[in-house]
Amino acid sequence: MTEHDPGYRDLGYARLDTHRLQRTGDPEVVYGAGKTAEQTIGLLRALTEAHPDRPALATRLSAESLATVRAAFPEATVDDVAGAIAVGPMPTPVGLVCVVAAGTSDASVAAEATFTAQAFGAGVRKIVDVGVAGLHRLMDVKDQLDEADCLIVIAGMEGALPSVVGGLTGVPLVAVPTSVGYGASFGGVAALLAMLNSCAPGVVVTNIDNGFGAGVFAARVARRAGKPA
Amino acid sequence: MTEHDPGYRDLGYARLDTHRLQRTGDPEVVYGAGKTAEQTIGLLRALTEAHPDRPALATRLSAESLATVRAAFPEATVDDVAGAIAVGPMPTPVGLVCVVAAGTSDASVAAEATFTAQAFGAGVRKIVDVGVAGLHRLMDVKDQLDEADCLIVIAGMEGALPSVVGGLTGVPLVAVPTSVGYGASFGGVAALLAMLNSCAPGVVVTNIDNGFGAGVFAARVARRAGKPA
Amino acid sequence: MTEHDPGYRDLGYARLDTHRLQRTGDPEVVYGAGKTAEQTIGLLRALTEAHPDRPALATRLSAESLATVRAAFPEATVDDVAGAIAVGPMPTPVGLVCVVAAGTSDASVAAEATFTAQAFGAGVRKIVDVGVAGLHRLMDVKDQLDEADCLIVIAGMEGALPSVVGGLTGVPLVAVPTSVGYGASFGGVAALLAMLNSCAPGVVVTNIDNGFGAGVFAARVARRAGKPA
Amino acid sequence: MTEHDPGYRDLGYARLDTHRLQRTGDPEVVYGAGKTAEQTIGLLRALTEAHPDRPALATRLSAESLATVRAAFPEATVDDVAGAIAVGPMPTPVGLVCVVAAGTSDASVAAEATFTAQAFGAGVRKIVDVGVAGLHRLMDVKDQLDEADCLIVIAGMEGALPSVVGGLTGVPLVAVPTSVGYGASFGGVAALLAMLNSCAPGVVVTNIDNGFGAGVFAARVARRAGKPA
Amino acid sequence: MTEHDPGYRDLGYARLDTHRLQRTGDPEVVYGAGKTAEQTIGLLRALTEAHPDRPALATRLSAESLATVRAAFPEATVDDVAGAIAVGPMPTPVGLVCVVAAGTSDASVAAEATFTAQAFGAGVRKIVDVGVAGLHRLMDVKDQLDEADCLIVIAGMEGALPSVVGGLTGVPLVAVPTSVGYGASFGGVAALLAMLNSCAPGVVVTNIDNGFGAGVFAARVARRAGKPA
Amino acid sequence: MTEHDPGYRDLGYARLDTHRLQRTGDPEVVYGAGKTAEQTIGLLRALTEAHPDRPALATRLSAESLATVRAAFPEATVDDVAGAIAVGPMPTPVGLVCVVAAGTSDASVAAEATFTAQAFGAGVRKIVDVGVAGLHRLMDVKDQLDEADCLIVIAGMEGALPSVVGGLTGVPLVAVPTSVGYGASFGGVAALLAMLNSCAPGVVVTNIDNGFGAGVFAARVARRAGKPA
Amino acid sequence: MTEHDPGYRDLGYARLDTHRLQRTGDPEVVYGAGKTAEQTIGLLRALTEAHPDRPALATRLSAESLATVRAAFPEATVDDVAGAIAVGPMPTPVGLVCVVAAGTSDASVAAEATFTAQAFGAGVRKIVDVGVAGLHRLMDVKDQLDEADCLIVIAGMEGALPSVVGGLTGVPLVAVPTSVGYGASFGGVAALLAMLNSCAPGVVVTNIDNGFGAGVFAARVARRAGKPA
Amino acid sequence: MTEHDPGYRDLGYARLDTHRLQRTGDPEVVYGAGKTAEQTIGLLRALTEAHPDRPALATRLSAESLATVRAAFPEATVDDVAGAIAVGPMPTPVGLVCVVAAGTSDASVAAEATFTAQAFGAGVRKIVDVGVAGLHRLMDVKDQLDEADCLIVIAGMEGALPSVVGGLTGVPLVAVPTSVGYGASFGGVAALLAMLNSCAPGVVVTNIDNGFGAGVFAARVARRAGKPA
């Protein structure tokens, strides 16, 4: 933000915050929902120009948008399940995030968390379908949980998994409720409330289906705590 | 309900359903909240007259009401934690209900469930403070759970215990959310929603803090399935 | 869960809990919503391999999925209204579950409850369209209610039917609210709240539209109480 | 509202609507909650001056306020359970309102509805404790229901009584939910929702605990339909 | 309900309550939502057979269903805006219901209320687009309001119209909230709450968009109070 | 409202309030949602006839409706993003409204607010994408905020922008929550609640996505305070 | 915020924002709820030192706190109904705010709005008890409404008054919902929702019972528009 | 959990999880709400016996309980504002947690977070009263924020502070909503929703008023990242 650099770039349809990397250590990310593919491409271009040595990330792209954006950046890293794309080389991972998901239906949230944590510079291990109705599946992987620098624990329905994991290990644990369920799950509210009221100490929570936010947070914790994977 | 018996007794302040025992196998119960001690005493007297061989039960009595009512029936069985009283001899237990509570703070609900199930004719085993943040406490009692004819699983906060128990055993399981918690527990709503959305199959739920309803239901299941304890 | 058997089977997209039958007496069930037909077929295959003498059940299949899955298992038992399929011979029924539905619109929930209870080993009698606005329809079938080992009572709108049935009989009663209604029914919340607050003692409740959960629970109660139908 | 009469009387703390009797056929009523006893007395005085041949009604008075107000009008008609007072001679009743309450705990709402309907000129018959868990109590009084010009049906908890009564008779039926209950009754919301979703055609509803509104409405219907009682 | 007549007719997909006319003075009505056109036709046939001198009414038909049903009963009376049909001659009107709607968008609810009240035997006058933001439109019709035996007042958004009308006239007033609005109207909840809390005495309320219920209720009031129109 | 002019014009489908301009200084506006293009055209015609020197405004038109209406009034001013049209010459602006939007996704609400304020006679300056996660973008435009006569501050998600702007300037500030967000944003409720609870003094709020209401209000404030732009 | 002045004053228990007057034109105000009388006195002292020519305002003081604070500032202006105090000379009023309240029970909110607007430099006219159930009381004061520069319209229960006033006049209108009511008023939520959904264009809303916020906003509008009263 | 050690200690009123330290690195903590002072003392004794080299922590003690417990452990460290006590020597701090609170009224939550983080082994810096309505107070401490290993950001009302802080720094940020506010803050729900929807990436959230949970989590992050303070 010198005399000549206001710290943002005005694209007409957006004021890209080019100063964010300097303030927070990470560049701005394009939230693709509600943007056209063209807008997303424009923002990714501006991001790669501003920060050529960091991947430019866009999330929550529809299948259509993702196809268009991917065509514009054929070298980019893409996760179709997450609906996300990263333009530019992915960083060397530092520290380890472990993404744990209760059920098969939580796959897209787990993918978004994984992709984001990797783009933000952490190594990631993913463990899925270890819901609390069959605890032996979880007990089997306890050692893998303990090795992580930060856990992301994802569940829909009654959202009990973070409480059980939080009782098994002291690794910092970010809980992500998902909208998986029906009736009185109210689109993820039941899981959200359960996680906010966890009897296991030290569970923190993100918005429903917010794999992105969990990924950013966990990568920051892992980068500070961890060693290159 | 003959020509001379309308099937209820009009006490002025209430129409006691004296026909309920014949229809459902169990007499009416006095819900003490919002009644004076004198009304409760009058209803208990009328119940013992109508059904001399069954205990007359009153629940949700305040400490003051309970003292007055107990003085009127010095031979009665009383549970101070539950705020409940049973006038007349308790039945010989048939079948086994197991009452499982997540925390110390769920004590009054566990006591109401236990007292009710006993007054409705079941044997009861009570296991407390086996919350999911320390699973080994629960694993230690799995055999006791399997021996029951019906389980009552009580929890506040995130209400995860029924899901975990429901994954460990196939005994019919009634979940009771409690109002224990603060903030986004919303007086037990978080636990209620969690239990309604349990990923363990076959979990059924009562109203918040409704140990009475769970006790009635579980006793009926146990009496049908069980042998005299 | 011996040295060589972890108690689950990893299909890549799921960790099938093959140990559940041993723990709970019933095998895992495939919840079809959010799964592809291919995933459902794979899981049903794995279930029938793990437990060849028990039906492998999948529920909540869309019409499209059901057609594909049915083609893969031409011998299977199918309920189109419920959107459910059972692969393998159905068990000999033990005990009697009575499924009671308030209105014509509750048909799919009643079908799911019926199909599930049968697949879980109980006999089922179904009685429909006996809402409380015409009580004589219900009075006509009181004897049939009394003969059951467990009742499943299904209603939308104001959800009053379980309270009325619960006053007529002492058979254990599982209430299932449905999403039938409009405006202030809020997708079944009005019926759910009514059932949770039933003035009839001993009414327990499942999630909105959860015929499956009610079927599992009622079958377990009936199997313990009942005689082969 | 002539040149000299603005149609209201300014008492400083209130603008009493003295024109309401002319517009609507009934004078304004003093809602006592949140007013001092002195304000209530002043408003009752002004009402009796404006409309000497109609009773001046005040409702929702605390026990303390009621004692003070009663002392100021020793000739007044008082209902202690309702917390209401009427100054001036009660009208000759025209038509018949039948007030039906599900439980003993609904007594104060039933009293308010009864007192109001009488002060607004209708005859009233009151029937209490006829909840749906013992239908024979209700069947016993069906003839009395049919004789009424308008029904007020009061219930807390699951609020099922209006649906059952509405299926038994075609008399216009006003349902009043009460705050009786606990947990997921949410202070009367469960009963309110149930009544709004009644499957019996032609049930209309008031606010929770609003015996006054039901009394005004029912009296107006009865006065138009009925004959002097 | 003689020895040979159970009081209902079992059509397989429904138990039509043929005894309702005798109990309540009005026959059962077909709620078309969630029924096939064929089911609706079958029920209308059964109704006209059971009660040949009363119109058989079906409501909430989709445009497609309505076309099919209308083709089956070419003589029937149809209201396309309401999505309703009445088979058989409409009754001679007794008494007068006045349907008042706040806005143009409330048209379908107003049509349903009007059609229902007519089928239930009342005369109807309809007044639309008299919202409170232009009170002179309402003042202009005050005399028409006073002539009615019962008012149905329909509004969405903030639902203020019933309070204003209820202050202008003492005619019994049924308020119907509609789902017209956006954002914090929450599908009609804002209007519903406003109407339940009306400061005008004697306002009663139906479910959101429930023109049918209001029509039934108002016709019953008008028939008792009124003279043939 | 002379003897010959009732103050409204009855178009059959609507009673257009032609007296509103005289009462409030501004003519009625056509809310296009739920109206046909033909109805909208008819109302715009009637408005231009009644008030030839003021623009006739219609808002919330779908793309299809807008195309039809625009074809009927080829000279009209149209905003495609807002879905709004103004027939007749726009007024000379008096005073200055500043419309501030947090994100790119709030564009349609910002467009509706801008177009409305202009049609109601104010000058408008629009500043977009100045969300609180990059405060320097906002600090850069503080002088522009101070020059305004009224601010409209638009945000979705957590709705923090009005609090921050309200701490920077004392210009009257109208906050508009938008439905931008997902999960626990509940369609704009999170932003609405945040704005209602703003710690900055003097923030007032409109309904979710209500750019129209904010535009009317702000234009009225600006016209009174301001000078011709 | 020079080198020596950070723009705030650290009192240990608070960082008083002494720079706010310069940024916004008005000094910080002490929100007394949750503060001790001593803290309030200390903050008022610091405010009068920082801005000796402006009144230092504290609101939401309990009766006890108010007595203690008043004793410390015997010259201060106090409003007991509002629970507010202003230390230092009140400003010469500029412009006119009109505070309109629906009922007697809204008095404390009306007092807070009035006192705040005066302390923020506007003249205030107060009109109370003009609820919509007796419109003639409101029509009588229409001219007084039109003379104002800004209206504050206060109502509880169904919150209809702002819609009616907003249809009568084009003066900028701030609506304040109050917590007056019971049952389904939900502590003011019913009134809040009604006001947010007002069909009168240009109504803006504050938090429930937030007379302070309305007073600040209205004073700012009036000061810009108005002339010294 | 050897043959002789089940991993918990049964005190009758509780099963203290003595194995938790081994699993998670931190011992169990006594949640004092709903426990008697005697129960709290007993649990603290058992904790100090089990883990003599770690402080035994009890939180949420009432003033009365705290006095009794403190008398039993005169050497203990006590925080009266937090209502918390730690028995045994506090650990040498590793890493730095920064606790940031928006207002004076958030003091007890800030104290609980601070005390907990210290008892769990982190150094803590506390910064209070830096709400977003006066941003310069926050800008002044940006360097202190950047130095931390983990931030705890506490706010009530609209809960905007975490979004602003999250835009200023990339330090991992745990947001804690408080119940400070009134009306539509709904006991902290407004702040909770705002924080869950933060537009700043990587904000995670705890339950309302849950300073304890935030303290545990932040200490774990800081201990892993940090150096002894």
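A, B, C, D, E, F, G and H label the chains in the order they appear, each numbered from 1.
What we mean here is this: a residue touches a chain if its C-beta (ideal position, glycine included) is under 8 Å from a C-beta of that chain, and two chains touch if they have at least 3 such contacts.
None of the values given here were measured: they were computed from a predicted structure.
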### Chain labels contacting subunit C and also subunit E
D
## Note on the structure
From the listed A-B, E-G or D-G, the one duplicating C-E with over half its contact pairs the same is D-G
### Query
Per the centroid of Cα atoms for each chain, what is the distance between subunit F and subunit H, given in Å?
45
### Message
As a quick test, compute the distance in whole Å between the mean CA positions of subunit G and subunit H.
### Response
36
### Length of the line joining the C-alpha centres of subunit C and subunit G, rounded to whole Å
58
### Message
Residues touching two or more other chains, restricted to subunit G: which are they?
### Response
20, 133-134, 167-168, 183-185, 189, 192, 196-198, 201, 207
### Task
State which pairs of chains touch, listing all of them.
A-B, A-C, A-F, A-H, B-C, B-D, B-H, C-D, C-E, D-E, D-G, E-F, E-G, F-G, F-H, G-H
### Summary
Given the complex, residues on subunit C that touch subunit E span 104-105, 107, 128-130, 133-134, 136-137, 140, 180, 182-185
### Query
What does subunit C use to touch subunit B in their complex?
20, 23-26, 29, 149-150, 166-174, 192, 196-198, 201-207, 212-214, 216-217, 220-221, 224-225
## Note on the structure
Interface with subunit B, subunit A side, in the complex: residues 102-103, 131-135, 157-160, 163-164, 166-168, 181, 183-186, 189-191, 193-201
### Message
Which stretch or stretches of subunit A touch subunit F in the complex?
### Response
1, 6-8, 13-15, 17, 19-20, 28, 33-35, 39, 179, 187-189, 192, 207-210
